[in-house]
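Chains: A, B, C, D and E, in written order; residue numbering restarts at 1 for each.
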Amino acid sequence: MDIGWPPLSFVILLPLIGGLVCLGPWFAPERDAASRLCRTWSLVVSSLTLALLLAVAQGGMGAPDVLLSVSETRAWIPSLGIYWNLTLDGLSLAFTLLTCVVSLAVLAWSARPAQAGAGWYSLLLIGQATVLGAFLATDLVVFYCFFEAMLLPMLAAMALWGGPRRFQAALKFLLYTMVGSVMMFLAILYIGWKGLGVLATHGAETIFAFDVTTLSTTKMLGPDEQLWLGLAFLIAFAVKTPIVPLHGWLPEAYREAPHGTAAFTAALLGKVGIYGIIRFAMPLFPGFMLEAAPHLAALGAIGVAYGAAVAMAQRDVRSLLAYSSVSHLGFCVLGIAAATEMAVTGAVFQAVSHGLVTAALFLVFGAITDREGTRDMDSLGGLAARIPVGAFFLMVFSIAAVALPLTSSFVGEFLVIIGSWQAFPQWTSVALIGVVLGAVYTLTAYLKVMFGPEREPATASDADLQGGDVLVLGALAALVIILGIFPQGALSSISPAIEVQLAQAAGSVEDEAKAQLRAPLSAEVTVQPARLESAIAESSR
Amino acid sequence: MGSVVTYVGLSLVLFAIGAVGVCIRRNAIVVFMCIEMMLNAVNLAFVAFSKLQGNLDGQVAVFFVMVIAAAESAIGLAIIIALFRNLVSVETTDAAQLKW
Amino acid sequence: MGSGDLRLSLVVLAPALGALLSYVIGRRSPKLSGVIASGAVLVSFLCSVLLWQQVGATGSFTATLSSWISFGDVSLPLQLYFDKLSAVMCLVVTGVGFLIHLYSIGYMAHDESVARFFSYLNLFVAAMLVLVLGKSLPVIFIGWEGVGLCSYLLIGFWFANTEYAKAGRKAFVMNRIGDVGFIVAMAVLYTQCGTLDVVELGQGSVLSKLPAGLAFLAGLSLFVAATGKSAQIPLFTWLPDAMAGPTPVSALIHAATMVTAGIYLMGRMHGIVELDPAVPAIIMWVALVTSAIAALTALAQNDIKKVLAYSTVSQLGFMFLAVGAGQYAIALCHVVTHAFFKACLFLSAGSVIHGCHHEQDMRRMGGLAKAMPITAICYGVATLAIAGICPFAGYYSKHAILGAISGTTNPLLVAAAPFIGYAATAIAVCTAFYMARSFIMTFLGGYRGEGHPHEAPLVMTAPVGVLALLSVIGGFLLVHPITSFVTGPLPATAGEHGSEGFVSLLIGSLPGLFGIALAAYLFLVAPREKELLRRIFSPVEKLCGGKFYVDEILQVLVVTPCRKISGIAFRAVDQRIVEGSGSALGSVTQAVGELTCRITTGQVTTYVLLMFIAAAAFFSVFSQVR
Amino acid sequence: MSFMGFVLSAVAVASALGVVFNRNPLYSAFHLIVNLLAMAGVYSVLDAHFLAVTQVVVYAGAIMVLVLFVLMLLNLKAGSGRKLGIFRPLCAIAVACSVVTTVYPAVESNFKDLSLHELQEKAWRSEGTVKAVGEELYGRYVRQFELSSLVLLIGIVGAVTLSKRKEGKIGPREGGLGGGK
Amino acid sequence: MNGVTSFAPILTLSLGSLVYLVTGKLLERTKLAAFLAFGLVVAAIAMLGIIPDSIGESEYGLIVNDFSRLLAVVACVGALVSLVSTRAAVEGEGIDTLNEYYFLALTALSGALVMIFCSDFLSLFIGVEVASLALYCLCGSRIHRGISAESSMKYFLLGCFSSAFLLLGIALWYGATGSLSMVPLAAVPYNAMIFLSFLMMLVGLAFKVGLAPFHFWVPDVYQGAPTSVTTFMSCVVKVAAFAALLKVLVLGFTYPQPWSFGALWVLAVLAMTLGNLAALQQRSIKRMLAYSSVAQAGYMLVGIVSTEYGSDGVAATLFYLVSYCAMTVGSFAVLAAVGPDADGVDSIQGLGKRSPLLAGCLTVFFLGLAGLPPSMAGLTSKLFVFSEALSAGLYGLAIIAVLNSALACAYYFRIPVAAFFQSAPAQQTQPISVPLTTALALVLCAAAVVLIGLFPEPLLALVRDAADSLVGP
């Protein structure tokens, strides 16, 4: 589809430029006025981005039975085959919309760190731009750039307005992600270098040596290459997601970050890991993913149970949310590992839903803990009577976190569990432990914070949530519930894209399997017969 | 021919002695002298090689090394004097404020 | 089916809408909220009646609300399905529900959060209706979780009391354990059969896709789900604690409707439950043990609601006995009659509590028959019903269950059937005994409490009266149509119970009569023998009073290990290993870095020496490499 | 190696050792002068006459005078009290030996096929007379020759820069590190 | 005529410096003097643009080709930027002898150009010595500071020591080939002597580049020297030394044995690892940057190690070198602008408030050094170098390199964090006034760091040509 102007680049550039514009007032002397102005400005920019994205998606949709796919390409370093390739399909649409919504919510949320001023909006907008870039890029190098870049605004916000141990937390976050991602960087370079060679022999005029869709058709990577490269990718994404046991950075980062940043990080940055596995790892390393699937499923399932178990032991609200994120994202990992259309679609849906829910939870808990001046759940209590609106929304999002039906989380978890059962019943069962424990810690947290006798008489200061915030939460809650009752629209937009990803993977696996049939002695790739059949069936369909 | 190669050996020995001197002496001036000795040793190697190779390039090189050594000595001794002004010592071990 | 759609949707949507309205409007004018809520349920009830009349014995209505989880080849629409089976449940839920709503108007009149209460209550009805009307397992699961949530919210309705809130959490978590069974069942069934539609899952061709082992797993998982919701061993301890909620809630949710969801599920999915005979056998044994333990525990309770709660558990066990025996219609029959008399009992108890200024301990009651005669009569009638005395409702269903046990054809149970039958009879005696005991302690003798008990207002007594009436005639009405009323899609019942003669009726009532007589003898006539017996059986009483220490056992076996594991996972694994390994790596790096710096001593001689060594090493090492 | 060459080599090595192992810098300087003169002798043995003369003039004449001048100027005491450890010299000597034993065989093997005749032929061509060297310097190496003037200029200017001082500003160090550890 | 044209830029600088020495004395303490020096550098750059490529092999010891032209321009521009941006700082540092200061800087630059243009070993050695001698003096030019003298002394002694090795290597090469020219001689068989001569030259040049384990001078000298001088040398010396190293190594690579692999591999690994590990411990920014320069030299060496397999490795190294120059000059120049004694991390705490411009530029440079967006130059350079390493099959080296670059983030981040996120000590809260020229130079540097990475193709084409002219296509 050719619109004449690069719409996807605009989606990224709009918040980026908006954010850079806000940098100016950051240093302005009239901080309060500038801050107010920037708030309005950032809301406008963010809303425009959302609108633009929707318009692009609408335009790209076209006929109802045509797959959504808007892409644009632009030369960046053509001599190495690096192009500014962006694609908006069902998969990226889900995540980009999530990004826009969460950014808007965080920007609109009234509580922000003291003395944040214009910089707050600036960093959030830049963060939004980078995350959008990561979700839209199909060129590996471009993706990597955004993958690294999105860390920085969050780190800056954490270091500026975080808790007492903010520097250590930020450093830890940085180092974990860097150590994870540099190996991916290397893997990307290897793939690109090889791709350049392979594609050059095809005689194409422009060589997208780093473009994932082009590369996945070449099937140039042998089993050993897939193993090492895939491992590098997986580790990078696993740190970002995070997948147990690579979550060491997470508790402290979430503890120390300001609420908005924590919400943004938890809701969006982690999703890049999930997205990356589906978008990049699956089509590029189909054989490896098939081999790694049992391990990945195990990690995902253990993550669900382990995260929940650790969350139960928390007293700090933030830590609880941190570990609950680990737990919930374990479902996504499990679904991806299962690699059935249902499970992967469910994983994506779960990721989106978790983004909405966790962002809202961070915001609500943030507002409450700010008001009370403590994050220790044991010293909170009896707030339901004092802040009924807050209690209501917290209940809604807690229910969503527990994945009760008619919330979006249920759809995701349900699809993941049902879809994964056929591949990994044992690991799915392990994950189900997390379902029970999830109810325990979520309700315990709610009980400790909201229920029980009131700790102290109400004062004027503890007003309930106010207009704008109620609107934000209301919108998020509405989204969570609408997605829970009418998920079919979102699902049928996501699933074709997933089908494409899986077909790419399956196509490669099929070829490998054929090659194996021809040379039965070289049994390096052990392919599970049942899943192979289903994969072949899907690709041929 | 053997005899000329022996001079190369001599030059290597002198070079090594100079290097040892640089390693074990603390007085900056002595260290500097040892370095001069090393350069001289290389000069000898040049001359010997010049004889072995039958051209004068090596001797030209020696000339330039001498020129450079002269300039070096001027600057080196000026540096040592400047150091002495600041530390009242020319022991290199005393000049260890910059470390780690 | 066209006309069915709207009405069917209305059955669910009316209370759902009512939940919203009763809260929104009720916040302004609390009086209206009860009315709106009751009205919504009434609408739902009327629609159900209308549909019930139109649906034939094997006919059905279907309503599609949303295509829900549908994409690619996955199709799990949000559909409602109304057949005979759902009709019975629907009628009970909305009918009894309506009465309890009415009652609540009086009971909750003075509460601050009455709007919230009715909103939750309506929400519960809506969820319960989704549960019974769901056409596919996921839709049933919506209701399943919905009722669980409402139960949680209502148990902890007075959340300022932490204990109440904790009881709510306990209920939710234990239900959640059962839910895992539900999810597993769905996963297995979808994976194997490719559908979750309850109608399709009833077809033999679909069920034949289920291999033997997985059939057992699916059946057992469904039963696990049912144990959670219907309070069977080992997941029953939440139900007594759930009495923390307002009494109408206990009547509606924890007696009449929600707790029977498990039986409904068994009936709905009977095709799967029966696939492997081991599953009914397990159900039978679990039900028997649950029923026995609950009945024995009820013997030693002094809290009037706790007696009723354990009685509920025990009666649910009875229903599962019928399920285990393969007589789903009979089980359902008991569900219906139990709904009547247990709701009546709870509401009467509510009136008593209301009248005695929130006193629940029977030892501080007594002689209330004078102060509240209507309540006493209703309670008495319901007691007779639960005891299984002949003309009352309970007799018919209970007796049928005892018959069903002896008539079981399950090869794994045939041998044990007589024993189970005797045990069940003994439990029936027990039931009669403790119910009579509670009646005697509450209504007869002299008043032992403080203040002046008073009769409840009409808005409360009227529903109780209606329920009492139903407890009397409910069974009678069901005698003949027991098959036609409930069976519908269920397998036909074996044997006729209505045509028996007077003597057999009397014989059938004997256990109940014996129990009541014993209670009357011990509590009214011979208190000294009672004390003697108490002393003789004191260890047993202690065991019963301690609820067989199931809670404690669960605490030791499950809760404490969970907390321990959680603590270990956090402190030992996460903080030490996961975070620690990161920090350790950092420290090692720092240490090595420190070492690297220490080489740079600032001494020229050291530098030179090191460089010289390095250079020499270069020369010698790399000249060898060639 | 001629007798003359042998004697000169021995003197050179001995004086070199003297430079390194003499406690007193002044004696080291004298030893160095001897060493440089011996080297000049070796140059002339190797027929590098021009270099031999230059060696005496530049090194022994100019550089060493400068060194001695500085030594006198600073009026240093003989070696500081601190003892040299035994480890460091041993280490240095071992390393030095390893360098010599690595490099010398390589050089020797490179020239082992060189015949006497060839050598004499070459020796004739490499006689370093003033004229021959001068022709090279002003011919092929004229650019480098020009650059060497720059080197000397830097030597002058650099020495001036470093030796400048404010009045009365001789003494102990001034100020510490900006922000060292 | 060939010899004259190739000599022109060097002549411009060296003769010009002589003229400057005289006229500068007259203009002492005026801005004009400084601008005269800048003008000379600009003239040299212009000359570099004018002179034609050498035809065949040069006979005067110098050669002009794309390689030397590119690096000469980089060195000159780097020198110009560093001189311009530190002009104000020099005065603040208490360097009394401004005249001599600029003279020495100009001669050092001409020495660097000789190293870059050289085509025989004699020129190489003379170039090294010209540049080094001038820099020894510059390091000590803050004569009243103990550490300045100390750094000067250390640089001098260590530099001369390493020069001796370089010279011995040249002597051995001469002994083996009978020529001082850098032309591979087909007639000369490969033997141990040539091998050793390369190793010795490698040691000598590794010192100049600052590769571990010959890096000991780097931290001490970078820290002790006046910041303006550090700024200058961090770029000029690096470029010149790398040019020389590349020339020597490429010559070495023409011999069939893979002699270089092990030595270079070890050097690269040691430089990266030791540099980063030590930098991690530093509280002094200058010292940290010094260690970082060691590590960065290691990354560049990774490109050179892969050179054996084609000219792309050299191209990658050159690209890295260019972007590194921009980053390092910028970082030191910011430090110089902050104050003459700005060194400890505490000295830039709160810089974001005192001067957003300096802090912003500093952040750009440090992110670039860490290889993170938005300072894309660092990222793309790493991309090129590491991808060359991979295509050469040096997986182990590439993995060590990327792990090192991840580790490096830990200390690079400390600086922006201090600048923006930590509050200034009480005594240094007053805003810093940045002279216009400095600001301009810094912004240009920062823009270069961002833009080189965003639009790398033009520079990539240049470095490819340069690499081809060095290695042969």
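Rule of thumb we're sticking to: a residue touches a chain if its C-beta (ideal position, glycine included) is under 8 Å from a C-beta of that chain, and two chains touch if they have at least 3 such contacts.
Source: prediction; values computed, not measured.
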Other chains in touch with both subunit C and subunit E: A, B, D
Note, CA centroid farthest from subunit A's centroid sits on chain D
Which chains, taken as a pair, are joined by the highest number of C-beta contacts? B-D
Taking the mean of all protein CA atoms as the centre, name the chain whose own CA mean is closest to it. A
Gap in Å, rounded to a whole number, between the CA centres of subunit D and subunit A: 68
Any idea how many Å lie between the Cα centroids of subunit B and subunit E? 26
Per the C-alpha centroid definition, the whole-Å distance linking subunit B and subunit D comes out as 4
Can you check how far apart subunit A and subunit B are, centre to centre, with Cα atoms defining each centre and the answer in Å? 64
Residues of subunit E that touch two or more other chains: which are they? 122, 126, 129, 133, 136-137, 140, 143-147, 152-154, 157, 161, 172, 175, 192, 195-196, 219-220, 223, 281-282, 407
Each of the following residues of subunit A touches two or more other chains, namely 175
Among the residues of subunit C, which ones contact at least 2 other chains? 597, 600, 602, 604-605, 608-609, 612, 615, 619, 623
So the touching chain pairs work out to A-C, A-E, B-C, B-D, B-E, C-D, C-E, D-E
Which residues of subunit B touch subunit E in the complex? 8, 15, 18-19, 22, 28, 31-32, 35, 38-39, 42, 45-46, 48-50, 52-55, 57-58, 60-61, 64-65, 68, 71-72, 75-76, 78-80, 82-83, 85-87, 92, 95-100
Subunit E-touching residues of subunit C, taken from the complex the two chains share: 589-590, 592-594, 596-597, 599-600, 602, 604, 606-608, 610-611, 614-615, 618-619, 621-623, 625-626
Quick check on the complex: what are the subunit C residues that touch subunit A? 66-72, 74, 78, 138, 141-142, 145-146, 149, 152, 156, 159-162, 165-166, 169, 172-173, 176-177, 179-180, 183-184, 186-188, 190-191, 562-563, 565-567, 569-571, 573-574, 577-579, 581-582, 586
For subunit E, which residues are in contact with subunit D within the complex? 3, 7, 10, 14, 18, 21, 59-62, 96-97, 100-101, 103-104, 107, 110-111, 114, 122-123, 126-127, 129-130, 133-134, 136-137, 140-141, 143-147, 152, 172, 175-176, 191-193, 195-196, 223, 282-287, 341-347
Note: in the complex, subunit E contacts subunit B through residues 122, 125-126, 129, 133, 136-137, 140, 143-147, 149-154, 156-157, 160-161, 163-164, 167-168, 170-172, 174-175, 178-180, 219-220, 223-224, 281
